[in-house]
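After this come two complexes, each holding chain A, first together with chain B and then together with chain C.
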Partner chain A sequence: MKLDKYIEMIRIRFLMMLAYRTNYYTGILIYSINIGAYYFLWTAIYAGKEEIQGLSVSQMTAYVAISWMARAFYFNNLDREMAMEIMEGKVAVELIRPYNYLGMKTMEGLGEGIFRLFLFSLPGLVIVYLIFPIHFTWDLSVWGLFALSILLSFFINTELNLLTGITTFFLYNNAGLIRAKRVIIDLFSGLLLPISFFPGWVQSIMKFLPFQGISYVPSMIFTKGFSHQEAWAAIGQQFIWVVILILPIQLLWYIAKKQLIIQGG
Partner chain B sequence: MFYLTMFFQYISQYAKTRLQYRADLFVEFLSDLMSQAINLVFILVVFGHTKLLGGWSRDEIIFIYGFFLVPYAVFSAFFNIWNFNERYIVKGELDRILTRPIHSLFQIILEQIELESLLGAVTGITVMVYAGSRLGLEVTWYDPFLFFIFVIGGALVYGGIFVMLACISFWADARTSIMPMMYNISNYGRYPVNIYNKLIRFVLTWILPFAFVGVYPASFFLGKTEWYWYAFLTPLIGVVFFSLSIVLWNHGIKKYRGAGN
Partner chain C sequence: MNAIEVKNLRKEFKAYSSRSGLKGAFRDLFTRNYKVVPAVNNISFSVSQGEMVGYIGENGAGKSTTIKMLTGILTPTSGDIRVNGMNPHKEREKFVRTIGVVFGQRSQLWWDIAVQESFRLLKKVYKVTDEQYDDHMQHVIKTLDIEPLLDKPVRKLSLGQRMRCELAAALIHNPPLLFLDEPTIGLDVLVKLKIREFLKEINQKYNTTILLTTHDLSDIEALCERVIMLDEGKVIYDGALHHLKENLADGKELHFQFLEQVDLPAVKKLTSGMPVKWDLDEKEQVFIANLENDDLLISQVIAIVVAAFKIKDIKINETSTEEIIRNIYEKGAVEVG
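Right after this comes the complex of A and B.
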């Protein structure tokens, strides 16, 4: 497998996003309002309490800020894009091109993610840091672990997106499924609230699902809700999920190609 | 009258296309239910750690959420214009719309109608009844009428804001990510505005008046007299914002030049 064409894809997507960058200035504003609203919501929830489930209110606000900013990096619409390409029959052309379609999609997502990381998350984080009384850590090892963790978040989330995208082959129109998946990820990834806030039995189920590797793990690492050992263990789990998820993708992809019907092709 | 017949024509066409993909329709119902349930889960989990939220009890917050679901369902059924930019501007389908003798916005709304979203209203009313009975709320004869007016008002607030956002595409034809993000902001109308600071409260009341979709009108039914004034403003704000959006739309349509071939 030659890598340079995939890296080229990251670059092209990055440039494509750059061409439409004006959207992102308003986007930063809106994300900040979003984080702000959650900030107030959580302050009201804490209402003088020192800590809930081991997180202080300042850790909680940092958690909210960082989980939204990390989302800008790992989030992509590959499932929707794939569904469109499959429904419009464009996937037929994609399949005869000399590259791995799924690999290419992943690289496009990565290009998008890198773009948002630098032009959206970083300036956004600075703005949020200036507006709200949020304490970020300056411990470089924490930042390093966080960086590793969100990269794995990206792969888990992208794999779930590819998996959802492939189901278009079997369902023909899967807008509903795509929406359901997004909602589930928002809640069970720990974006809306930390997994540790859930009742014990939910937490024990979550341990066996890939979702908390998307948002909960990097955010907890960043807010020092995890110790170093816990952080490494969680990153290990993320990595295992990245590997495990390859299996159903390859399997469904194989079946899909066998029974491919191009609608209106 | 002509518009009314067109409305029913579109709806019958719509029903046919939707029933083509029944499995997906079913999943969509489920996914709607799930997203509503997930917001409830959020409230329940949060109240597992606190008794009051800015002076509001768990059941009151659940009631507000139930109310919010109803105008939101009406909005999602009739103002499904998320992909306006991609479908109508970038792909140029607006050219086709403009050759026809019906108001362009009306046609787009009809083409994009998503009646199954109305199911959310059923969920919302169920949630309201559940929370309302736990709170021991009494229903008077005029409550259903006010409820109806508030729901329409709230849906118009939503509709107005999102039509205005769609109008951005007339001036800047790049893909915009504002709409999905605005959806996030709209969620804050579900929580009591008194937990936010003055600026956000001001924004949620007068600039992006999402508070009129949830907490303000719902507080009337909860008997929170200090918010009555805002509750009764709901229909007015709805009409004002929606009218503004139509003015903006008509203005934008004149600017529209098409996106090449």
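Right after this comes the complex of A and C.
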């Protein structure tokens, strides 16, 4: 009963995504172009080499395809939406409703993610599978671990978005911060380059940051770059980050509500 | 129990000021000048269940700030608020179930989806059962005449259509207390009348308390017996609207239009020595004599003017509420006997 409204919100977000079909089609196009570009880039880089940093060329191409497809699920613009709502004063309307604003935002993100997963990633993956000679595993336990892992990716990424969104209360205009966050996540999450390709000292720093839990972990699980044991350890780490990130969000949200100023009347 | 009880409520904001020039802009990067401005300055009032109260004031008088504190959005700097027996900010989630809010300037419906989907979500959010919803909302939908709008996305609605839907959305959980922040802003007369009638009906049927802020005094005249008037964060009048009118609207206005060319000094000269203040509405070429409500004086003035110039039209008006309010703000205080 208590989850009712949150599930309803997922449905609403579905409807909203459907209201903007053009976005949906251009999205598929952009993702296909990206996957294609990275596919050709990596095959050129490998050019005859058996493997680089422990990843074979077929693992690498699968890595690229799957990490973009996973991105469609975990990625959302909650930070930008929150910034808009806060700057335009719409957050006032959210606060007169008997629900948890951040919880509701997370559900909106989840609705968006599920929409993209089924209507965007899955058909996209089939197309990619047919066009490019990409080798996917059919090991069900790998798929299971992967599903669990991208769910945690979603939560880590969403939490970082909420955190960025809340800073609008203090900075009033945080467009720069939002853009910086996006670049950092694309780079350090392992979307553009697997973490194992970074220099050793960077890798050891990244171990203490939440970013690799967003893209690197699920993609490595899927391409069997991780053994089962490593996979479970990585998922455990993701889970720890999900829990840790709740703290700064709750703290900032508490302070923000205290000194809230609604813009514009 | 009073629906709203406010004691010594105060809200301060920091007003930042920018230094001038490039050098000043650099200094602003590190330290900024500000002063503390009270937007709401120790106000107290109470509203009992079932009352319809007009909350009026100029722009920036602190109306919206008060509403935001009463609805639990803003934390007061100091003072006590009890609304529906609760502290709005402390028990926010439980509290907001007992109120409905309409902000005329921002929508609470989801912009891209059909109105009925928003209603469906709000129904879930407020945990309204199907029976309650059918019983109450069928009636609301019928009275506001929004049945044909339900399957349209909000962005395709006109302002009047949207406002009616907003009002219905605020009433889904049939709250005992309704806050309306400029609900009729920018609406045409027909929609305004419909909304007013609807609010009256809701108030009678469910004994709903309504606190209304507006710049349109005809709303207040049509709905509210009581007004609370705010100026610079302070309550300057709290009482019956008719009382305000009786005590302050003791003047009359005589409107003259002439057939011949007449100027202001000429009419002033006619009534020199009499307690009459003349104004000229240049666009309409209407000469307005403001004077006390004294039958003898009025007929004297009319007699003199009619004798001197050829008349096209004469009207005798009571001072309008708007005029009264304007006078109050110019004086900054209300002295009611």
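By definition in this document, the second predicted complex is superposed on the first by the 261 of 265 C-alpha atoms of A that agree within 3 Å, B and C clash if a C-alpha of one lies under 4 Å from a C-alpha of the other, contacts with A are read in each partner's own complex, and residues count from 1 in each chain.
Operating definition for what follows: a residue touches a chain if its C-beta (ideal position, glycine included) is under 8 Å from a C-beta of that chain, and two chains touch if they have at least 3 such contacts.
All figures in this text were calculated on a predicted structure; none of them were measured in a lab.
A.B. asks: Can you tell me whether chain B or chain C touches more residues on chain A?
C.D. replies: Partner touching more chain A residues in the overlay: B.
A.B. asks: Considering only touches as defined above, state whether A:20 meets chain B (first), chain C (second), both or neither.
C.D. replies: A:20: touches chain B and chain C.
A.B. asks: Would you sort A:98 into first (chain B), second (chain C), both or neither based on which partner it touches?
C.D. replies: Second partner only, chain C.
A.B. asks: Touch test for A:258: chain B only (first), chain C only (second), both, or neither?
C.D. replies: Only chain C; A:258 stays clear of chain B.
A.B. asks: Of the two partner chains, chain B (first) and chain C (second), which one does A:3 touch, if any: first, second, both, or neither?
C.D. replies: neither
A.B. asks: Pick one for A:247: touches chain B only (first), chain C only (second), both, or neither.
C.D. replies: So A:247 meets neither chain B nor chain C here.
A.B. asks: Name the contact category of A:140: first (chain B only), second (chain C only), both, or neither.
C.D. replies: Once the two structures are laid over each other on A, A:140 reaches no partner at all.
A.B. asks: Following superposition on chain A, which residues of chain A contact chain B and also contact chain C?
C.D. replies: 19-20
A.B. asks: Provide the residue numbers of chain B that touch chain A in the complex, in ascending order.
C.D. replies: Touch list, chain B to chain A: 21, 23-32, 34-35, 38, 41-42, 45-46, 48-50, 52-54, 172, 174-178, 181-182, 184-185, 187-188, 191, 195-197, 200, 203.
A.B. asks: Over in the complex, which chain A residues touch chain B? Could you list them?
C.D. replies: 19-20, 22-24, 26-27, 30-31, 33-34, 36-37, 40-41, 43-47, 49, 52-53, 171-177, 179-180, 183-184, 186-187, 192-193, 197-199
A.B. asks: Quick check: in the complex, which residue numbers of chain C touch chain A?
C.D. replies: 13, 64, 68, 71-75, 92-94, 96-97, 99, 101, 103, 105-108, 110, 112-114, 117-118, 120-121, 124-127, 153
A.B. asks: Given the complex with chain C, which residues does chain A contribute to the contact?
C.D. replies: For this pair, the touching residues of chain A are 1, 4-5, 8-9, 12, 15-16, 19-20, 88-90, 92-93, 95-100, 257-258, 260-262, 264-265.
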